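Please find one structure pasted underneath; my questions will follow.
Naming follows writing order (A, B, C and D), and every chain is counted from residue 1.
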Amino acid sequence: MMFDDFQFSSILVSTIRNAPVLMFAAMAGLFAERSGVVDLALEGKMLAAAFVSAAVAFATQNPWFGILAGVGISAVIALLQGFVSITQKGNQLVAGIALNIALSGLTFVLAQFFFMQGGRTPDLGSARLFDIVLPGSDAVAGIPFLGWFYTKLIGGHSALVYLAFALIPLVNWVLYHSRFGLRLRAVGENPHAADAAGINVERTRFMAMLCAGVLCSFSGAYLSIVQSGFFLRDMSAGNGYLALTALVFGNWRPLQTALGCLMFGFFTALQVQIEGVVFPGLGKVPGSLIQMIPYVVTVVVLAGLMAKSVAPKAIGVPFVKSR
Amino acid sequence: MQAAVEFQHISKRFGAVQANRDVSFSIAPGSIHGIIGENGAGKSTLMSILYGYYRADGGQLLINGTPQQIRNSQEAIDLGIGMVHQHFMLVENMTVLDNVMLGSEGGFRLAAHRKQVEASLREICQRYSLDVDPLAKIQDLSVGIQQRVEILKQIYRSANILILDEPTAVLTVQETASLFAVLRLFKEQGKTIILITHKLQEILDITDEVTVMRAGTVVGSVQTTNTNKEQLAELMVGRPIETHLPRGPYAPGETVLDVKGLNLINAQQVSLLKDLNFNIRAGEIVAIAGVSGNGQSELLEVLSGMRLPSSGAVTMQGKPLPFAGRKDADGLPATFRELGIAHVPEDRLRDAVVKNFSVMMNSFLGYQKKLGKAFGLLDYKAILKTCNELLSKFDVRPADPHLRIALLSGGNQQKVVMAREMASEPKLMLVGQPTRGVDIGTIESLHARLLAMRDAGVAILLVSVELEEVRALADRILVMSGGCITGELKVEEFDATRIGLLMGGLHKH
Amino acid sequence: ADPKFAVIYDAGGKFDKSFNQSASEGAERFKKETKIGFMEVQVASDTQTEQVLRNLARKNVDLIAAIGFGQAQAVQNIAKEFPKTKFVLIDGVAAGNNVSSVLFKEQEGSYLVGVAAALSSKSKKIGFIGGMDIPLIRNFSCGYTQGAKATDSKVEVIQNMVGTTTAAWNDPAKGGELARAQFERGVDVIFAAAGGSGMGTLQAVKEKGKLGIGVDSNQNYMHPGNMLTSMVKRVDQAIYDSFMQLKNGKWQGGTVYKGLKEGGVDWALDKDNRSVVSAEVEKRVNAAKQDIINGKIKVVDFRDANKCPI
Amino acid sequence: MNQADLPRWATAFALPLLNLLSALLVAAGVIYLLGESPVESLGILLNAAVFNPEGLGYTLFYAATFIFTGLSVSIAMQAGLFNIGSEGQMYLGGLGLTLVLLAFDASLPAWLLIPLAIAGSAIFGAAWAFLPGYLQAKRGSHVVVTTIMFNFIAASLMNYIIVSFLIPAGEQNTASRVFADSAWLPKLNGMLPVLGETPLNISFIMALLALVIYGVAVWRTTWGYQLRATGLNQHAAHYAGISISKTIIIAMMISGALAGLASVNSVMGSTHYLGLNFPAGAGFIGIAVALMGRQHPIGILLSSILFGALIQGGFDLSLEKPNIPTETFIFIQGLIILFCGAMENLYAPAISALLKRKEK
């Protein structure tokens, strides 16, 4: 392999594998937040989808049914979140945090109730999503660089990885080039203007929540039926919050947000690789300090290099028809 | 002839407030119909009912003779009703084109229609002589142009009944004139226009008929040709309005503020204020006239300490204002207040009040440091007493110090702000657009107070786009254009044409 | 009447597929054999531990098993308060005549699986994935490294920790990802001492057809064919023994260290990994085991000086 | 229809009560599905958390921590800042007091040692909140994001410090050594023996005091006025001569100091050593407490007690009913926050209609 010394190749591959969890969630958050609803409940939706996907995939022994069920539950939760934040005009931050807490408890309780394994679902075994081997992989596998590039970097991932990357241009198109996207942005920026233009603000926001629910479910499914092969309590492990960070980092734009997710993926991968490496002058840097890298980088980037990111103006504010 | 719009016994109540009470009148098709009334008289509420924002509690609406239930704006739009709101309803970070398309996109894929819409926009701009770039972002446009975009939207949607709620409150004379030109064109095409304004001259200039509202009810509808300002004003307020306010002789004292070579360049390297030189003396009102967006707002910000100038010397009673050695203006306005500079900002909702505070809590905003006792504790008893005095002195209605200030009408909010700033007994008073969106009764009383201050020896800097107001208050008039002072004249030399030319940037030295 | 027993699991919980679970298995075995039941609880914080211990002591439970070093201080406090109640503490030391502290020489078992790993690795790169960077886990990794290096000094050990919060024990995705990253660096055998996160690691091992090493209880059954072995830590036995002793009136306080010799730790060889472990490996590992038991090999305990010799 | 139309008793009591009942109803459904009797469970829960004095002691013990973290989140919210970082600030606060105690617990008398340690926790908490505050004020970096990041960084940093420096040689527990007796906070059961053996200590009194100070500072002082003005309208605050960046930085530091103080209760009042991950989510519960208590001292007090009771009662209940895992109470906490914190108007239309009918 070409970059053997730096293990750089491995970092890139690992980045690709790490990013989808964040990417799905961040795109989900993008829909919600661009419509003016703060989505602090990504974590909860992810967890619920991870559990339901794993449980159904196990019960049916078919990962696709699992994913489908995950989509369903996550969408239902998103709509509930919508009911609270949009219809009831409740505090969106509270709603998000409340759902996260409730779902963290509920998924455990249900997993325990159904499977009696300490809030874990049984191993999916063959009901996991398989990795796709690109055609002709065997032929090129031996070629330096190209072999690695084709079989490892762009090949050999599960369908959800490809979906995650395909989502970037798709979301970009929907947001900037479709009627739905135009209305969505208007509703998140100035709902009064949208309302005056005859747009149903609440319905548009519900649609956005639905998109958020569906996209977020893939994130959960990726965790449980691609990466782990089972559900475990609290397995979202803060990824929902990281996705939100990527969203802020990306200024609520699909391409930049995806870039933010890849950055997180990259630094996580990097951190894995340099754990235990002896640095000249420093010696072995303790693993716990190396674990900080992605977070420190984020703070530095947000503080220094990045222009101020500008949130959608109406974010977090329930729409009430008078000033 | 069948009425384009007919209100029949419309009533609407908000909590304890009866915003509309048994309102009945009709609007002839192809006419321009004015609605006037004091702040809070119920004009906007009535229009909101017509546009589907609110449901009336009782009564009936007839559009072109047919009773209609209008439940939301979409249904209003479907009936050919368009509304230009007092606060613009535009998405600021989108282009004019996107704003126009919003709600009538013509299909899921935007690109499919964009070109078409753009072409028809350009065509409309030409036809109505509205100079707007369809691809410009709203946030880059001046208020006057934004107003045009609102009109464009309505033309594009071919609204037949057009409601305009105080469209001229933020417009200059020229912009108002061009708006009215468009409105006349509309009328020629047989469209019906409803115009709400606080400016009686505009009513006389353009409307065919005018309805006067007071406290939620209609107090009369008259043909414009059969009436005059005085009669309308009296109908509105319920008492005669004084047009010529008494003022003492012009006897300026010492120089209070002296501005020399003031420059302001923003982060994008645009020069906003260019080499300003002027002074203000005790006991005089210096007015700055000009089209808005020519540096007046920035000048007020600099003089009140909200923004640092790039260069120049400003002295207050002989001492330089403490700009030197600062990186930003964070906290600076406090120092300026201590020096005796009071400030009534142009944008009161944004700068001058905290909407979610009560009237009382707003009654000392900016002066909170003065009120702190031991441990910085606030003495609410004393504050309440002072606040009640202010409310009654300035006739704020309702005079409830515990009401959230957002629930006061704009005019009454303005009274609170003015009262607060005057109560600080300043040496220099900076006043920006004091009567924007305020009804004539209130204008009268605010003007009287400013003049009384002047007579008491306070130096006053007034920024206003209303030439009427400038004429009524100023001793000296400075005209600003493009960040420069393009001319100065005494009030005796007041000449609207000449000022207009100076505002256009034509020097006459 | 029958004596009363109770088990208190730490935050990992009864089903952690690790030492808590092992403890519960020991208690279950005791229950099955003696028909004497026991109470069980899981605590979430150190404050709760004390509360629960006191509650149980008040209910006149005779022997309370506290699992995990986090409970040490609480056990010490309550043991003082209730001198008649007996306690068995796993993985920690608490003072008191009525406390039996059971410590395991994880380094010895880890040494054995390190030997097995070094012998079974083709790439001569082996991996270790721990849950959190704490001395206990470092002791696993230190023993593992000692075993591997003693077998083949050229073997490279790559080590990663899942995280720094308690979430690190419950992040199988990260556990799996770390494994995949190690594979890409050439690792082909991984020892996972990471609780629930280790499930992800072993899953990844199976997926990529590499070899994994389980921890605490015998995890060979999880992925037969891909499990080289498991480093078993017989918490179950310790609990079972302690319960039995009490029942038979032979219970004693004090601190015991359980290594290979005492049967406290071991490597697991059963039908699930039979096919993976060659005769050569089996011979070498068992030889090392003998050497440790008879003192020929001294495996350094990381915790003695908070330092690993290698 | 909104709350403004309703009388005060309805908005202050009836609505929250109805919401709480709704949350409990949903919870009862879940408990029923788990195969236990909701009524009996509620009885056990209430008894364990409220009626039994020792249980009440534990409830209040947990509440003391939540009051501080709740105040921490609340004060930042008053300045318009959403501080998610109380967890990390509390963690660092624990380090601050530990360093003081490790250095001086042998040499200083309790009356000097304890205040010094408490100051240490506040200073470390404040220092950890300074950077996010500074970055928000001067560089416009979202405090929400930076504080989330700082939580992660704190976890790593503390792990490094505890594991590398604080664990006494040969010890298993990932914790500092146990402090000398002089550093143990006086317990309240000395004064109120009925509380039994609970770790409830004087930091509960401190918490009540903090609530009062918070209430006075925010609503009765110039400083609080400036703080709230900044939180509600930055433009107006600037106009009013308030230094926005100073206000933001100070608010964040006070928020951090309060979070730091939250560590005093559990570290000096209960465990008497600094353990790994000792905050155990108290910082996040602080967010819930602040939101549910509407940043009002009484609200914060009541919701802290509610959460304390849930933890205490839930724990006992799951002891008695193995079918109901403790996690059920995490779910119930979430439900309560959802119903009471985000759906406060759920029953407003119904009550309003009821009142109207009566009027007629």
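Methods note: a residue touches a chain if its C-beta (ideal position, glycine included) is under 8 Å from a C-beta of that chain, and two chains touch if they have at least 3 such contacts.
In this text the structure is predicted, and so the values were computed from the model without any measurement.
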Chain whose mean Cα position lies farthest from chain C: B
Best-connected chain pair, where connection means C-beta pairs in contact: A-D
Separation of chain A from chain D, taking each centre as the mean of its C-alpha atoms, in whole Å: 29
Rounded Å distance, chain A centre to chain C centre (Cα mean): 34
Between chain C and chain B, distance of the C-alpha-averaged centres to the nearest whole Å: 75
Centroid distance [mean C-alpha coordinates] between chain D and chain B, Å: 46
Overlap residues in chain A, where contacts from two or more other chains coincide: 119, 233, 238, 286, 288, 291
Touching two or more other chains - residues of chain C: 133, 163-164
Which chain pairs touch, all of them: A-B, A-C, A-D, B-D, C-D
Touching residues on chain C, where the partner in the complex is chain D: 39-42, 44-48, 50-52, 54-55, 69-70, 72-73, 81, 91-93, 103, 132-136, 163-166, 303-306
Chain B residues touching chain D - in the complex, by the definition given at the top: 15, 304-306, 329-337, 343, 345, 350-357, 361, 365-366, 368-369, 371-372, 375-378, 380
Touching residues on chain D, where the partner in the complex is chain B: 4-5, 216, 220-223, 225-226, 228-229, 232-233, 235-246
Sites on chain B touched by chain A in the complex: 51, 53-54, 72-74, 76-77, 83, 85, 87-94, 98-99, 101-105, 107-111, 153, 406
Chain A contact footprint on chain C (complex, rising order): 13-16, 21, 133, 158-161, 163-164, 167, 170-178, 180-181, 184-185, 196, 199-200, 203, 207, 222
